[in-house]
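You will see two complexes here that share subunit A, one where it goes with subunit B and one where it goes with subunit C.
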Partner chain A sequence: MTNRRQAVKASMYMSMKLLLADPQWLIPVIIAPFIFTLVALFLYRDVSGPILLYAVLGAGLMGMWGTTVYGSGSSVTTDRWNGTMEATLAAPIPLVWIVVGRVIWNTLIGLVNGAAILVIGVLWFRTGFSVTDPPLFALATVLTFLSLSSFGLVLSTVYVLSRKGGFISNSIEIPVYIATGTMFPVILLPLVVQPVSFAIGPTWGIDAIRVAALPGYTGIGTGYWLDLLVMLAATACYFALAFYLYVRVERLAKRNGTLEEY
Partner chain B sequence: MERPGLRVRAAQAAQVFTSSIRFGRKGTVIWDSPDMIAMQIVILPLVQISFFAILAGYIGYTASGVQYIVVGNALQTMSYAAVFSVANITSSDKWQGTLPTLMVTPANRMALFVGRAFFQAGLASLMALVALGYSAALFGVSFARADVPGLLVAVVVTGLTMMSFGLLISSIGLYLRTAMIVANVFLFLTMLVSGVNFPVSALPGWLQAVGYAIPMTYGVEATRLAIAGASLGQMATALGEDVLSGAVVLALGYLLWEAFERLARRTGRFEEY
Partner chain C sequence: MAEGETAAGETGAIEVVDLRREYATRSFLARSARVTVALEGISLSVSRGELFGLIGPNGAGKTTTIKILTTLLSPTSGRARILGLDIARDYYAIRSRIGIVFGGERGLYNRVTAVENLRYFANLYGVSPSEIEGRVARLVKLVGLEGRENDRVEKYSRGMKQRLHIAKALVHDPELVFLDEPTIGLDPGGARDVREMVRQMKKDGKTIFLTTHNMFEADELCDRIAVISRGRIVALDTPAGLKRLVRDISVIELQTYDATSEFVERLGRLPGVTRVVPDIESERQVIKVQTSAPAEVLPLIAGVAEGVRIIDKAIREPTLEDAYLKLVEE
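Moving on, here comes the complex of A and B:
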């Protein structure tokens, strides 16, 4: 257990060092959610009232999401580019613990990014920021952070086997914004898409955040605590799935020996 | 050694150009995977249009307001190929270690410069046409009055001018460690500054200036005119501005490419990180 904790800590520390050594890589991570936010808020420019705070909250969540999705993709892809993939896989600790550290780090950056976008949205569009229930808002935000991490971990398994990690993470960024109701209620989505939305943990977290922040907001309609419960259940499933997949993927990668093959 | 005549040099440039197009296609790794082709041409345009169309509908935009946004985004989706992929050509050379080899070839630089990006211009136009198909089939945009030849011209011209814009960023990437950072910025920036989702006039003055420097702004205008039924003659101003801005960014990109190539040769820092 100590070894695993050390691996997670060391992996987070390494991610931080890599970012500090080459901070320009923060730009692609934050730029898409930032521009999407600006465009969305410009579309809201003739609207007033609580819906503006709804949009700004969604913008912050897009920032968190975008960083998690992009960061998960790059957490493994960067190893390929740097030629450190084999060395990482050969480390005497299961790969999943190394990736857990990276994903937690990326989600932390996402949290900062989300907060920055929130502040910019509030200041630029003068939406004001009054949260109905600050403790519940904080709790929902922290648990959504956890759920995003678990989702990022599941996504990252794909990137171990695929050389198209960057392309995939670019491609799924907008679908996750849509599916999780960052900017509009998921109920507006086509019926075939809604089950997918409800299977994504952060969809419920985003709803809980809004229930705690906006006066009179009902959202999905399940209420704050049930939202959190469903999200936590989904999060537990993601972690279990990610750990299972990593064992399989790591075995497959070692057996085939084609990790860096193009 | 005597320099070949103009005709020979033109023939050599044409040969470099065509082989560069072929190489541009072969170098596009994702084109070996049908799933990636589907993702780029079928899925990406659909999700981008859907995001903004549903958002606009939720805010309460009228049907025509939503369609304005749908058409703008349909054209903007070409940026994935014309801007992002083209801008990353230089970075790919750096990653794959092929940049020094490229630099020492005596091939015509302009033919090489444009040729390698040309495949992406075609792909960009195809993406925009698929996206416009979505706008008709799923988002209620009427093409009943559309001037089809004019529309095709607007899409293809914008594919080429945005490819030129991508080449400008690619040239900057020759100097930078990677063009991917700048490419990411400009992949999405046109959503904000080019009249894709709202008129350029809604932006602060300094952002309007950025918008008017990018060919996409004129391409979107020309496309909307064509869908509204304007003839090629009526689209001439928008198309002319599209071509002019494309020519300016291409020339600027080429000059930068040459300048950075000279710098790289002088300092021997082709691939320094």
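Moving on, here comes the complex of A and C:
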């Protein structure tokens, strides 16, 4: 079997080349963040102080969601369109490692995306950006990305199994934005929805980011470190689930003969 | 001696026993699935270093066979061993020792260059990083893409893409190469170049499993050929052996103008005619009349022409195509 690190690096590099080869890369990296920020600031236009930063952070997290979670799955769809799905699967390496390379690249793009939103918010819309605890903010942001990546990896299995993967993950995009509290606190959601929110790892990371960034913010109320701990536990489960699912879906796709459908 | 081993203890390149594949398609809200049988239990073996051809009409099961043997599709039942390894259990080990050439425009990253495609797949196949650049350069030269290797693949002609497919399949120096209709859609010059590359692979000691629609190509290249029809192997022999199946017939080849399907039917009713193979849709109409008594049939043809202009007529020996048509139509 191929060296996994070699395959992950190659996959990451190819994702970069493919993104930059297409002028549309400006849409997810610059244009979409600008729109997210604009919408967030429009919604919160009558407030001032930390709430404005709350809105910009929410927009940033939504942007990161888009690129990180859906980028991995859509790369599988692109493989189907290109006809490269079979060529990729024909390699002597489990598909999950190739997708991990793409996930890492998408995570980096997600970080750029989040940073772009903050920069646009601060420079263009004159939003104040004063983080309460910068080191904890940075740590929570990086770990939340890890969690988003693991969630994206789980979702991407649907794309391997079926060409209808995009339909499924697109339909849960907005509910997931709401459930994870990107735009308003989870505790404002109806009680019946809250268990769903708490089952999603990044919900806790988003809370930790805000605890570290916003003065006086309590959010879920569990505190920064417990937030991170719960998220890391969920992330470990997601990674384990993704690796298990990839073995199953590869086998299932081979059995059903759906690998070449596009 | 274990199954598939030769007397010298070396396993064959491919051993297939009773391979069957069904596809189940289920429409929305349908309670039961519709089952299509693509392979009805085929068996074959290919020796190391052999150039083996699989020919058959569209939908006969050629691509399904290749997909199963390259571990991309699971069989419904039956067994297959590739280089002594089990397709159901040892698929990663198999993949690292085989190369696959899928025909057509798809299967390449079009927005990046040929070199970037080759580097990527070399890495996925675990080629040592220190060897990749040298190997990519050699392959670019081998398939004649020198000077264009740093152009994006989307700017390539069909023939250039096919050359790149071949280079991609060879990037990890496989022992066994599967070629799925490698010359389909190529112009005559491009097809000849691909055939030359296939010959070179064989000279380099590789085992080759080739599917094709082109009978001339199969006849010219293959050591042995299996004919597949409706999911079954209906014949397996050398090209000369397959042609012997039709040695008792001759072919009268007519070049015509204004030929109609009625004319073809009248030819088929002539005494002594066993089969008529028309190609009257294109501008250059060619009708092949198979018969065991060409001297008796030839003078009768003018009598059923009824306005169809026969530009040329000739009696020739049967070819592999004639044998193939006899096999798949029976």
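List of remarks:
The criterion applied here is as follows: the second predicted complex is superposed on the first by the 243 of 262 C-alpha atoms of A that agree within 3 Å, B and C clash if a C-alpha of one lies under 4 Å from a C-alpha of the other, contacts with A are read in each partner's own complex, and residues count from 1 in each chain.
We take it that contacts are C-beta pairs under 8 Å (C-beta built on N, C-alpha and C of every residue); 3 or more make two chains touch, one makes a residue touch a chain.
This structure is a prediction, so every number in the text was calculated from the model and none was measured.
Of the two partner chains placed by superposition, only subunit B is touched by A:Gln24; subunit C is not. In the superposed pair of complexes, A:Ala91 makes contact with subunit C only, with no contact to subunit B.
In the superposed model, A:Tyr177 lies in contact with subunit B only, and not with subunit C. In the superposition on chain A, contact is made by A:Phe42 with subunit B only, not with subunit C.
Of the two partner chains placed around the shared chain by superposition, subunit B is the only one that A:Ala32 touches, whereas subunit C remains out of contact.
In the overlay built on the shared chain, the residue A:Leu188 is in contact with subunit B alone; subunit C does not reach it.
Contacts of subunit A with subunit B, set against its contacts with subunit C after fitting on chain A, overlap at residues 22. Across the complex, subunit C meets subunit A through its residues 23-24, 67, 70-74, 92-93, 95-96, 100, 102, 104-112, 116, 119-121, 123-126, 129, 152, 168.
The touching residues of subunit A, counted against subunit B in their complex, run 22, 24-25, 27-28, 31-32, 35-36, 38-40, 42-45, 47, 51, 81, 163-164, 167-168, 171, 174-175, 177-178, 183-185, 188-189, 262.
Put simply, subunit B touches subunit A in their complex at residues 29-30, 33, 36, 39-40, 43-44, 47-48, 50-52, 54-61, 69, 95, 177, 180-181, 184-185, 187-189, 191-192, 197-198, 202-203. The part of subunit A that touches subunit C in the complex is made up of residues 1-3, 6-7, 9-11, 13-14, 17-18, 21-22, 82-84, 86-94, 98, 251, 254-257, 259.
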